[in-house]
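Here the structure is laid out as structure tokens; the discussion comes afterwards.
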Amino acid sequence: MQIGIVGLGRMGGNIGRRLMRGGHQCVVYDHSPDATDALVKEGAAGAKDLGELVAKLEAPRVVWLMLPAGKITEDTLGDLSKLLGRDDVVIDGGNSFYKDDIRRAAQFKEQGIHYVDVGTSGGVSGLTRGYCMMIGGEDDVVRRIDPILATLAPGRGDIPETPGREGRDARVENGYMHCGPVGSGHFVKMVHNGIEYGLMQAYAEGFHILKHKDSKELTENERYDLDLADIAEVWRRGSVVSSWLLDLTAGALAGDGSLDKYSAEVADSGEGRWTIEAAIEEAVPAQVLSAALYTRFRSRDAESFPERMLSAMRFGFGGHKEYPVK
Amino acid sequence: MQIGIVGLGRMGGNIGRRLMRGGHQCVVYDHSPDATDALVKEGAAGAKDLGELVAKLEAPRVVWLMLPAGKITEDTLGDLSKLLGRDDVVIDGGNSFYKDDIRRAAQFKEQGIHYVDVGTSGGVSGLTRGYCMMIGGEDDVVRRIDPILATLAPGRGDIPETPGREGRDARVENGYMHCGPVGSGHFVKMVHNGIEYGLMQAYAEGFHILKHKDSKELTENERYDLDLADIAEVWRRGSVVSSWLLDLTAGALAGDGSLDKYSAEVADSGEGRWTIEAAIEEAVPAQVLSAALYTRFRSRDAESFPERMLSAMRFGFGGHKEYPVK
Amino acid sequence: MQIGIVGLGRMGGNIGRRLMRGGHQCVVYDHSPDATDALVKEGAAGAKDLGELVAKLEAPRVVWLMLPAGKITEDTLGDLSKLLGRDDVVIDGGNSFYKDDIRRAAQFKEQGIHYVDVGTSGGVSGLTRGYCMMIGGEDDVVRRIDPILATLAPGRGDIPETPGREGRDARVENGYMHCGPVGSGHFVKMVHNGIEYGLMQAYAEGFHILKHKDSKELTENERYDLDLADIAEVWRRGSVVSSWLLDLTAGALAGDGSLDKYSAEVADSGEGRWTIEAAIEEAVPAQVLSAALYTRFRSRDAESFPERMLSAMRFGFGGHKEYPVK
Amino acid sequence: MQIGIVGLGRMGGNIGRRLMRGGHQCVVYDHSPDATDALVKEGAAGAKDLGELVAKLEAPRVVWLMLPAGKITEDTLGDLSKLLGRDDVVIDGGNSFYKDDIRRAAQFKEQGIHYVDVGTSGGVSGLTRGYCMMIGGEDDVVRRIDPILATLAPGRGDIPETPGREGRDARVENGYMHCGPVGSGHFVKMVHNGIEYGLMQAYAEGFHILKHKDSKELTENERYDLDLADIAEVWRRGSVVSSWLLDLTAGALAGDGSLDKYSAEVADSGEGRWTIEAAIEEAVPAQVLSAALYTRFRSRDAESFPERMLSAMRFGFGGHKEYPVK
């Protein structure tokens, strides 16, 4: 089917490519003409602005946004609301906050425009592996865009079936799920990312313990010089902790095991924060997911004010000479 | 090659079976004659006690222990030290504490007996999938028992290769690794289990947040009734959080999604505790792994003394009527 | 000076009493006529509704609200906005969220009404000990109500002076502080409560460790039967962990040391949650404050869904018989 | 009464002084002759080695060790065991691990020597404020040294009495407690320090949130420039979070509020670690106390390996350009 795609970055460009390979017609626009041209060369129809994109689509239209969450998504949706019409569908495939979806969908609804939120996981490998998608929206609208979703999804592949799923929604086995009303797709994707933070931190802590097992603080016969790359690799093969994140870790460690080329300051996107806020709203304990987020905050703090406060107290009660260090 | 196996429970029995299928000769003993008989029917030579087991093995002998960590392993090793002789090899395939390995190996060494520790992951699926093994011991001794390890290991299978591993130890790709000196196998397995606790807890917290998204405390339009079984399934297919633990979760949720048949009191084995102790010895922060362990402690505490202390303080400063609730 | 007080509960009633003892004239109103009458008997002028309260005050008026945060505070402020006039001052002494203060102050400002937020600590002991107050608002307005603040505050008392404070704002030594613009009083009070959660949890965990030192799991000669009431008391006397919260703990333990009469389900008010949300907005790690909050969430969860998920995974990979327990 | 003191550092020297001011006779020894001389000038009898110290004491002797925990304490106790005789008392007033106490006491007991462990809190202020002491040992031996303990303790002072303590051990109100058998004094002191870590971290996190409330990431009208020194001071006066640690914080902040002169790398002594190990042995959750310890570990980690691992994974799945940062 025909679809408009707005935003042709790392994710949006590949989504267009995968759809075209699946036989869909794409009308594409990016604020960078080069990005638009690249897709045009691969068979897409290009647009020089949102107006042209909308004009090139047949009603009822389907427009997929793949933009950074926040102001640019908000502004683009605002512009689209003036261009689209009754029964058109706008899809936010980015990482928007689900409460923004709920607000926006209510606004679009006044014009008869349908809003669908799609949380998309799969990263840079999505073009070949397909995208795992979590979708929120009206039932018939999600059905209407099914051809697109089916093409983007990974399909069943050779992943073993889960026993006991007979009679359940078959789309799920193909890697996409209609989670519920508007916002629920991004909500599920948000928690997915929160879990991702926790998983990553669990591996990072464990490998830290393995690495420091050569510490001079330990007695010599309890000290080991362990090969982290080999450990990551062997765990990929039949162990309980095997996972895609471990596959990636094994790859990184197989190169320069010191990981010195990677930053010690770890960014966090909105999802990790929103997951904790959701936990708090629901009064659900989320110790591990919080700890994972806080580690990232800490990694970017060069000022160390709270640590200095501890030293100041230690000096106060114990005369511990914590200063001057410099 | 020929091997003696002591302990024929859930793990030991299947290890024997997998070895026999691989063409090895097994002499087996379990304190339960029924367990011994079962293996004998499948082709093993049986022994009615440790003495007979040792007698039926040709020197230099190889004996694999697969017993619960602690007293029974300790006692059996004590008995074996009186029966085995120079150049024999004893393998502890259980979940022993690595410092116990170091101590025992030094004792066996005085008699010329070699000690090898093997941390074994794979669980009940090991018979068919193979066992991921982490091995500590002398280099030539580990080489000597390689035929056994190679049979027990999963082999390369169809798991994609990790780029950049050219020229590295090929055993690792086959699912077993010689980690270093005695104790290092169990040390790596211990951290493996510590990570496992962290991963499990990350999923548990995330699904808890998903489940309570139907909470009456939330405003109605921000409330979703999410299908956890479908979410676990869709994440198996192309998402960043796919893993074997998620596969198991998807299976459990596909049955009775309430999970009511599973216990709310979660056991912990030694490895999770030892991992935290190792982190503390090395001065390595392990927030996530600790939180995962503490959640299990908390799950078994029916007394709630610390919570009552909080209520007592709240009553003290605020007159909050926390009592009597009953 | 003259002041109107709305809300005569545990806190509001005593605030009125302390002000009258300090020579101020109070016009009071509570939705319960009995509460109003009680204060009238002690010398206050009573009002049967907000209109009468405003009418009995001379312009420019000062009205202190001491109501539960949320809808009732919001509604009462809405009603007052229709009754008050230019240059009047309305004070929210409750536990409102500071962002609500900012919003409300902007609305009141359009009518020329001044809004002051006062975070009040001191609990049920405030009548005799005085109230520690954190204040947000315009500088001249906070100065205008200084007679009231000075009376409510504890004063210098016999608390030792902090060296190095020469030349600083003397109000602070008297126990009240003008923290900054509107909302900053409640913000500082909010973080105060967040810290309070953390302190309480630190004591609770420590006493839990002391209590379980009699555990049968420990070897006999490492087991102690410790007197928690005496420990709390001795720590009050010269130790580094002495505090008012410890004083309260010592009192509670000196009664029935089992604390059985106190609830095992611990409530949380908004401040603990808002503190974590503020930390996340600022990208500040708050591991301890979060853990304290989550312990309270956990204390109220009878369903134990995440724990059952852990058991389900354990059953999946290890065949651990976690079910059926019941 | 007469007492020997070994170790005249920050703590031991002042303990001698406080005892002499209380009318006791002190025989003192430090490996630094200058330290010994300083006490001699203040009235103590000096000894040039342990032998002379023991010789100058009348049997049955009492010797108080005030040395760093670990090798030096261990060695000195070994030397003393050869010099002391039946019915003498040796007191370890340092920060020894309680399991070491239990082991040592058993050894001394074979010679008829009594061993007492005293956990001592109070820090550099102890000379004037007195020392809060937690004591483990045999009942009659602890009674025998009561004159010393009573002098070292703070006494009742003007700290308000805790209601409900009628009929309880009066020593406790004077600031010293006989906790139980050998080791229990150091065990209680160990948990005291664990709690101390948690309290300190709670304040540090809270003040961090206050400090970063001026963050440019926040919208302008939700940003405050708060005076941390004044906040610490006002909380000392009637608030729920008042404590001695807060007094010390207020003092530090009243100087240079940036705390730049204090180290960002925070040391930890054994007690914090042993507290977590005790919690794990007892299966008691200790989330807050662990988090406090881990913050100190993290403060000393310049390598940032686990953070680099997170960045490596992020690069792996998302192409997030976390490198090269340098």
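General remarks:
Every chain is named by a letter (A, B, C and D) in the order it is written, and numbering of its residues begins at 1.
Following the convention adopted for this analysis, a residue touches a chain if its C-beta (ideal position, glycine included) is under 8 Å from a C-beta of that chain, and two chains touch if they have at least 3 such contacts.
Each chain and its UniProt protein: A, B, C, D = 6-phosphogluconate dehydrogenase, decarboxylating.
Bear in mind that the values here come from a model prediction, so they are computed numbers and not experimental data.
Counted by C-beta pairs in contact, the busier of A-D and B-D is A-D. Among the remaining chains, the Cα-based centre furthest from that of chain A is the centre of D. Computed from the mean C-alpha positions, the centre of chain B lies at a distance of 39 Å from the centre of chain D. Centroids built from CA atoms put chain D at 31 Å from chain C.
Spacing of chain A relative to chain D, judged by their CA centroids, is 47 angstrom. Contact of a single residue of chain C with at least two other chains is seen at positions 123, 201, 203, 205, 208, 240, 244-245, 251, 283-287, 291, 294-295, 298, 317. The touching residues of chain B, when paired with chain C in their complex, are 10, 123-125, 200-201, 203-205, 207-208, 211, 244-245, 248-249, 251-253, 259-267, 287, 291, 295-296, 298-299, 304-320, 322-325.
Chain D makes touch with chain C in their complex at residues 98-99, 102, 121-123, 126, 129-134, 153-154, 156-160, 162-165, 168-169, 172-177, 179-181, 183-184, 187-188, 191-199, 201-203, 205-206, 208-210, 212-213, 215, 217-218, 221-222, 224-227, 229-231, 233-247, 250-251, 254-255, 275, 278-279, 281-289, 291-292, 294-295. Taken in their complex, chain D has these residues touching chain B: 240, 268, 273, 276-277, 280, 283-287, 290-291, 293-295, 297-298, 300-301, 317.
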